[in-house]
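Structures incoming, each one as structure tokens.
Here chain A shows up in two complexes: once beside chain B, once beside chain C.
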Partner chain A sequence: MARTEIRIAGFGGQGVILSGYIFGKAASLFDVKYATLIQSFGPEARGSACSAQVVISDEPIDYPYIRKPDIMVGLSQEAFTKYCHDLKPGGILITEEDMVSVDENLISEFDHYTVPATRIADQLGRRIIMNMVVVGCFAAVTGLLKKDAVKKAVEDSIPKGTEELNIKAFESGYKHGLQILKQREVQETE
Partner chain B sequence: MNADKKAVLTGAHFIDGDHAACEGAIAAGCKFVAGYPITPSTEVVERIAARFPLVGGIFVQMEDEIASSIAIQGAVWAGKKAMTVTSGPGFSLMMEHIGFAAITETPCVFINVQRGGPSTGLPTLPAQADMMQARWGSHGDYEIIAIVPNSPQECFDLTIRAFNLAEEYRVPVLVMMDECVGHMTEKVEIPEADKIEVVERKFTEKPPGEYRMFDTNGSMVPEMVKAGAGYRIHLTGLTHDDRGYPAMSPVVHNKMLRRLVDKVLLNEEKIRHIEEDQVEGADVVVVSYGITSRVVLPAVNKARKDGIKVGHIRLITVWPFPESYIRELAKKVSAFVVPELNLGQIVYEVERCAAGNAVTQLVSHAGGAVHSPEEIYDEIKGVLGHA
Partner chain C sequence: MHEYPKFIQLKNREQVMLRLMVPEDEEKLLEFFKKIPKDDRLVLRDDTTDPAVIKRWVNEIDYDKVFPVIAEHKGRIVGDATLHMKRFGWQRHIGEIRIVIAKEFRGKGLGKVMIHELLNKASGCGLQHIQLSLVETQAREVKSFERMGFNKVATLPKYVMDVTGNEHDLIIMTTRVSDIWKKMEELIQSTEIDIIRGVQ
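Our next item is the complex of A and B:
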């Protein structure tokens, strides 16, 4: 894996930047890769479109921005619509099931996964941990980083005292991701 | 001397360039920061404000950048290491006091996280358009040192270097970051405190009465005094003699000014900090600095695959400019390509030093983003008629 470009897009307040931060941290501190995170934001913060760009590579990273992402995570309709055209044909697309409706014509171009992250987070008791469900699902379906590395990065990046809840969210998302992969395997063998 | 164990966050961190610069300042022994937070440098002082109470430093949020840039100099003369941090319009406001630091030989650090200008410009987006302002922004003749990091790791390392150079030469040292490097998050390895070399201030051993403030004793950098140790000093922005007293004479002015300039320019080779890649035997050499030095790499690699002999040099110290280095190199290569996030600044230094021995080609960019590697590749190809 020379260079993998990832975009996580949503609106400010959803934990978009933290998700990108966790991937970058997992790669560069707890796995043996290089990572560069760039965050872009407007003058506003909460509620406006916001995106994190992460480059993960086995080699030192020169050009720091993403140009044609290999993986995109879409957490809001606005952000999805704005950025989905960048994604590489055949790239991995992960969307929040209830927040983003995806054009059927588009799906055929991408390796598409949905995760009901908000619903799962609600069931666990706090909607705010929705992003950790997404992070878990990402870890499972992309297989880009070691699960333990991502988990450690989650633990290392969240406020003290919230570890249990966040890890639960991460594991739920991870389980969901594995389930999708399993279903696909079954479908393929049928 | 080594860094203070209690202050240094030894270990691997995933932090942005702004935060890394803050940790570099703390590791260097900075104990006073005055600032007026401004995007995209806010995170530096935000972290300073959180970290300083734990390491015995004082942070003051001042009324503006004019006050910030002089408050730090008060702290320096009181015996501490100090810096201020700014961006865009704030840097313009600090110009007068960069001159004051130069003439009073006050060792201090200015961090400028460059954003698009002029005026309010592009607060949240990168540029490298303050490079000439760093050199010439205050009135009169003087020299400063300016260093340019291209990663969060270097924001840490070079902020320490900035403090060390400031103490060694008694000049303001400018750390010329940019928005991209400041807001970019990467792994930063902070070494153990005893592996970090820190230059401490050279205080005089002469007793009060014998000590003359700007007497250099044959070296080019005078010794300072410890505040409260019984020395009576006079510090002024006016032209002054060896005692620090105002002296409005062309003779004194000439002597003072030439030493201020010479102590930096005559030490250029010592201060020089350049990264070279395949310069030997190159036809074209790309000269870059800061974030642009990373954007250059895909372009250089692509051109090499085409069989073009391309070298790359990165200026980590931009001021004082490595004149003799470029002058000599110009005799061996056919062309220089100089990409910068401005409409042409350092390219004119390269052109001047090339003195007609090599073609000099600017790849300009108005800022707000970085170049695309293709733009740089096209110039590398085009400059010698390869296109």
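Our next item is the complex of A and C:
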């Protein structure tokens, strides 16, 4: 893998930047890769929308901005609509199931996964951990980073006392991601 | 469930293993409690020098009812911290913590780490309040818990009778688990604020 560009987009309070920070940390501190994180640029940050640009590479990164992301995580309708066109054909698209409504024709060229992150987080007792569900799902479906590396990055990035529930959220997201992959495998063999 | 065992380094660089209590701990627990100074045992709820008490504890291990974290150093138990939970009733959202640390391991940060483990468990299983009880002679412990975010909410005068028949004030301290999550909310919000500040 030479270079993978990731955009995570949503609105304030969803933990968009923290998610990007976790991916970067997982790659650079707990895996043997390089990573950069650009929090956000452009007028979109003035409103409720925000985004994180993460580049992960096996080699040192000379240009930290993303051009055509290989992976996009859309956590709000506004963010999805704004950025989905930038995604590389064949790229991985992960959307929050209840927050983002997608036009199947629009995304036919992408490898699309949905995750009911808000619902899962609500079931676990705290909506604030929805981003950890997304992080878990991301780790499972992309396979970009080792699960343990991402898990360690989660543990290393959150306040003390919140580890157990955050890790539960991560594991739930990861499990959801694996289930989707398994379902696809079954469908392909049928 | 949080993963155990885990290894921590104390302020004096000694390494201690944290793990959950298991039935095989019976003898080690008995040894541990026997070495607790007599003055500290005056106000324990059970006679921990009685082998039958320890036997009952290890035979009734139920992590959903009592979450028991053990600190072990070179094969010896040096700390026992428990989170007590009720599954039903008006106290089902409240956890109670109890902790005993070997004398030579006090003041080295072990208690704080063990309390953190219990708070993490409490937070993870949806408890909203954590309470603990101390007596007025445990002034140092009261200060420690205050530093950890606990508040004195009540003092019941002459409410505790120790094993020698002396009466002591009972101090009840509590903390809200949601306070722990405020830091998480701040973390998420602060990163978003940074972006807005970064816009030219």
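Convention: the second predicted complex is superposed on the first by the 183 of 190 C-alpha atoms of A that agree within 3 Å, B and C clash if a C-alpha of one lies under 4 Å from a C-alpha of the other, contacts with A are read in each partner's own complex, and residues count from 1 in each chain.
Keep this in mind: a contact is a pair of C-beta atoms (placed from the backbone, for glycine too) under 8 Å apart; a residue touches a chain by one contact, two chains touch by 3 or more.
As the structure is a computational prediction, the values presented were derived from the model and not from experiment.
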(request) Please work out whether A:Leu106 is in contact with chain B alone, chain C alone, both, or neither, and reply first, second, both or neither. (result) neither
(message) Just checking: does A:Lys168 make contact with chain B only, chain C only, both, or neither of them? Give me first, second, both or neither.
(response) second
(request) Pick one for A:Cys50: touches chain B only (first), chain C only (second), both, or neither. (result) second
(message) Just to be sure I read the superposition right, which of the two partners does A:Asn131 touch: chain B = first, chain C = second, or both, or neither?
(response) second
(message) Is A:Ser28 touching anything from chain B or chain C once the two structures are fitted on A? First, second, both or neither.
(response) first
(message) After the superposition on A, what does A:Gly15 contact: first (chain B), second (chain C), both or neither?
(response) second
(message) Counting residues of chain A touched by each partner, does chain B or chain C come out ahead?
(response) C
(request) Could you look at A:Tyr63 and tell me whether it touches chain B, chain C, both or neither (first, second, both, neither)? (result) first
(request) Considering only touches as defined above, state whether A:Gln39 meets chain B (first), chain C (second), both or neither. (result) both
(request) Report, in rising order, the residues of chain A that make contact with chain B in one complex and with chain C in the other. (result) 21, 39, 41-43
(message) Looking at the complex, which residues from chain C come into contact with chain A?
(response) 1-2, 116, 119-121, 123-126, 177, 180-181, 183-185, 187-189, 191-192, 194-196, 198-199
(message) Please output the residues of chain B touching chain A within their complex, sorted ascending.
(response) 12-14, 123-124, 180, 183-187, 291, 294-295, 297-298, 369-370, 373
(request) Mind listing the chain A positions that touch chain C in their complex? (result) 12-18, 21, 39-43, 45-46, 50, 125-126, 128-129, 131, 158-168
(message) Taking the touch rule as given, give the residues of chain A at its contact with chain B in the complex, in rising order.
(response) 21, 24-25, 28-29, 34-39, 41-43, 61-65
